[in-house]
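What follows are several structures.
After this come two complexes, each holding subunit A, first together with subunit B and then together with subunit C.
Our next item is the complex of A and B:
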């Protein structure tokens, strides 16, 4: 029915036009689509090339491991890199269990119904909350209401809220990719639902699940707006450079890049910013490559076939 | 023995169900808390400081420390920057989605796709820094201006940032169009381009609408990339080449300076609440677009 409605005016329009000019239009359009797609890839290569070109001179062992300075040139980003990984690990420790459990519930247990609909609507809403708004929520709850002030934990919990929906979607898709016959075979062997989910379905989905975790990690690593007013924008208050106390301020590398430009307290702002931007970009590339390689290897190992 | 193991499995089953359901319920609790906290703090300006909501929404007089909280310039800045992002990134993103779904040979797709994924992963602050150091000077040179920051720069940066969202969702929308439609159109003598514009795009329209709406959501909430290239002047946007300010950029700049409990801080929370309402409104719009399809 719907097809007929769409096809009819198309036929009418086709009859009226000249075959040669139609073919030329088609050629031009094809070329334009190829051009547009190549343009985006070229743009990305340009970004990466440009960052390497101007950031490479900033990179040195001293820069990557040294501490930021106040007022003098020659500062490094060591503690910021450490904080980025530290906040990332804290965030994953909350995000992965919660969203994998929720994803398992929605995909394997829930047969539909009101609760599933409400959870899914909440996840969609959560996914569109702008990062800065989530940051202000973190500020209201963790910094002000709980009196934690700027802490690594507060930042990690804010990032958890921000990344729960993406991680849950990853879980749902990974589980949906497991063939139904696996479930039937496991149940036929007398396994309970939970035994089936834990020992058959989850291991079979481990490849795409890991790919998803690493890709989400890349996003957490580069997150900025949600952290400025939760984890803080300073490495100096009340903490040593490499500090694992979750209740201390933790300025990450991405926040540092923003802050060094905004405050402009050191004479070599551009050197530090270009170097930080390059490190962030390289980390994005690393996370992408790792996601692919590890995901494929795990899938092969647990299911015996490449997906 | 069998009985003991069976009852343990039965107990595990119960515990697992409770844990999984609680984790799912956390999503509901989280969004409810976010809405609650921001609604309370975001309306404080009106019931606590007795500032008129109309003056907040439509006033252009902004002086945080002086008690003037007209946010119209920021609302306008956000809307214009987002509008530009959609005007550039929308058609371009849909075109590339069409390319991946209809044109790209498999080898080209496998080479191009990772590039799109990397674009998603680049942190917003890096986009901002690239925009500030690459795009802003370029705009200044092209238009012979002392400074190139402003809405044009923000619009271009945002259009690149929303591309991956628009591309992948419009590609998905086109892929679910049944092949019989492509074959039918080809059998009627349509060229590929005619099939795309007259058959495929209309059939995938609701999915493409969702792609564009999610692009809007990403653009309007984007903070640091915008803040770094916008120039940050609280004036109504009269030219795309003049500095402006957006809701997000103003929040991130002033939040640290505004004293706790002041009208200034409450005005910033009101702006955040407005952003949250816009995002929730877009989610409802998506639901509407998808319902029309079914």
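Our next item is the complex of A and C:
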């Protein structure tokens, strides 16, 4: 009886006069947030669908492996795909060692202080340089000043400048994800800093690190503006179709896509452009998927989980 | 502050001696003028309420503060009479001789075997047969061998919390230190795992000097030969464990052990 007396006002308070309207607002907010998230997925699916619709008919073995033609229809993009991978590998060969070492220094060695601040500031500034500006810088340095002309190497070095900050960030984040207790445990066993980094920290971070590297690779693969004036926009400029000389011109798939609409002298421009766009898109998507799969596999492998 | 030496202490050889130890985090002084002698092959417990500086004190004993930006240690800490903070001393060598077990079990994300032999490998042991011997010896000493001998290649992360902590102790033993520092090693464990760790500490003192931080007075009473009481960044009193718990000299020690604060 006494309880009922107490409960009565409590229930009234719980029901509250505005309870109904608050519940409706809550539902609307949830729906709006869900809608915005779904929109992202929908846009991606629409975009992929559109590219497939436009480009699927262009895809054939001949298109994927054949060489571009001048003046006649039926050209392929084989050398362009090859160049994209070639320039990517060259770029990674420079970017990964430098940025992993720099990121490692910042995360594991520097105890804050001025030098760390300077490096961070430099990286952030470098990250804000538009890729076309970086491309023009490459043009001045590698193409003109060094007299290399348009080269795969010049393109790769320009891309290195462009992607160092992102790769450094990736390294820092991967290392930051390693629990501090691992460091303490290793040091308490009498390990040096370098031994700790090499035997404990890096193996623990290898999954996220690889994921990051592959994701950045996807961006390098699709980069265009920085390459037009550095690696060049031609595959027939003094070189054979599949050429590994880093001092030769190397038009990548992304640059080719830009170029074919601008000045190609072939009657089937649309077919080549749509096909190239689809191939580029699929490649970049593959990078994203591979990044996650390989990252997870490496984490399992190196942390000994789920053996 | 009372610097009472236990009656039995003079007869024992000091393994470690701490003189006028000050520890700062930036401008904050976390430990003031601490003095302590730790007898060889005995268990020394460090007790006191949370935030009293006992863990801070412990971490100064194998130079773990070197890894903390802003931390500064002043005073003298000697191991067998040699100052471990002397400029000529390499902190890596110090940690080789003075191992540490942490509050939360922190095995590496590697196999059980790789965890145990980590220190040995770090110090240059490559012979697989020798490494296998070290692994078995250390795991036996840590009372873990029988539970894991059939699955040494499994991930250490698959072990229970208590097993992980004994693995961490085995990992320290494999380095063959002389002193083992333990920072509340059982605080994250259930009672059964805790009692296994306590039994193990009783075994370890035959070969090692153990300095253990504990927030549990019962634990200190069960496992230690000597106890030191810390309060507000000061080492208040040191004595044999039975003296500290039955006839403390300082009023503050008495208040703490009778449960008046903490």
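We adopt the following convention: the second predicted complex is superposed on the first by the 273 of 307 C-alpha atoms of A that agree within 3 Å, B and C clash if a C-alpha of one lies under 4 Å from a C-alpha of the other, contacts with A are read in each partner's own complex, and residues count from 1 in each chain.
The rule we apply is simple: a contact is a pair of C-beta atoms (placed from the backbone, for glycine too) under 8 Å apart; a residue touches a chain by one contact, two chains touch by 3 or more.
Since we're looking at a predicted model, the values are computed, not measured.
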Touching partner for A:122 - first (subunit B), second (subunit C), both, neither: first
First, second, both or neither for A:111, with subunit B first and subunit C second: second
Partner chain(s) touched by A:31 [first = subunit B, second = subunit C, both, neither]: neither
Which of subunit B and subunit C A:51 touches, first, second, both or neither: first
Which superposed partner A:195 touches (first subunit B, second subunit C, both, neither): both
Contacts of A:183 with subunit B and subunit C, given as first, second, both or neither: second
Contacts of A:224 with subunit B and subunit C, given as first, second, both or neither: first
Which superposed partner A:286 touches (first subunit B, second subunit C, both, neither): neither
Doubly contacted subunit A residues - partners subunit C and subunit B: 192, 195
Footprint of subunit A on subunit B - complex, ascending: 9-10, 12-13, 16-17, 19-21, 23-28, 30-34, 37-38, 41, 92, 95-96, 98-100, 103-104, 112, 114-126, 128-130, 132, 134, 160, 163, 180-181, 184-185, 188-194, 196, 198-199, 202-203, 214, 217, 220-224, 228, 248, 251-252, 255-256, 260, 268-269, 272, 275-276, 279-280, 282-283, 286
Subunit C-touching residues of subunit A, taken from the complex the two chains share: 111-112, 179, 181-192, 195, 199-200, 203-204, 302-307
Residues of subunit A touching subunit B in the complex: 2-3, 6-7, 9-11, 13-14, 22-23, 25-26, 29-30, 32-34, 36-37, 40-41, 43-45, 47, 50-51, 97-99, 101-102, 104-106, 109-110, 115, 118-119, 121-126, 128-134, 136-137, 139-141, 144, 161, 164-165, 168, 192-195, 197-198, 215, 218-219, 221-225, 228-229, 233, 254-255, 257-258, 261, 273, 277, 280-281, 284-285, 287-288, 292
Sites on subunit C touched by subunit A in the complex: 62, 64, 67, 69, 92-93, 95-97, 99-100, 102, 104, 106-111, 114, 118-119, 121-123, 153-158, 168, 171-172, 175
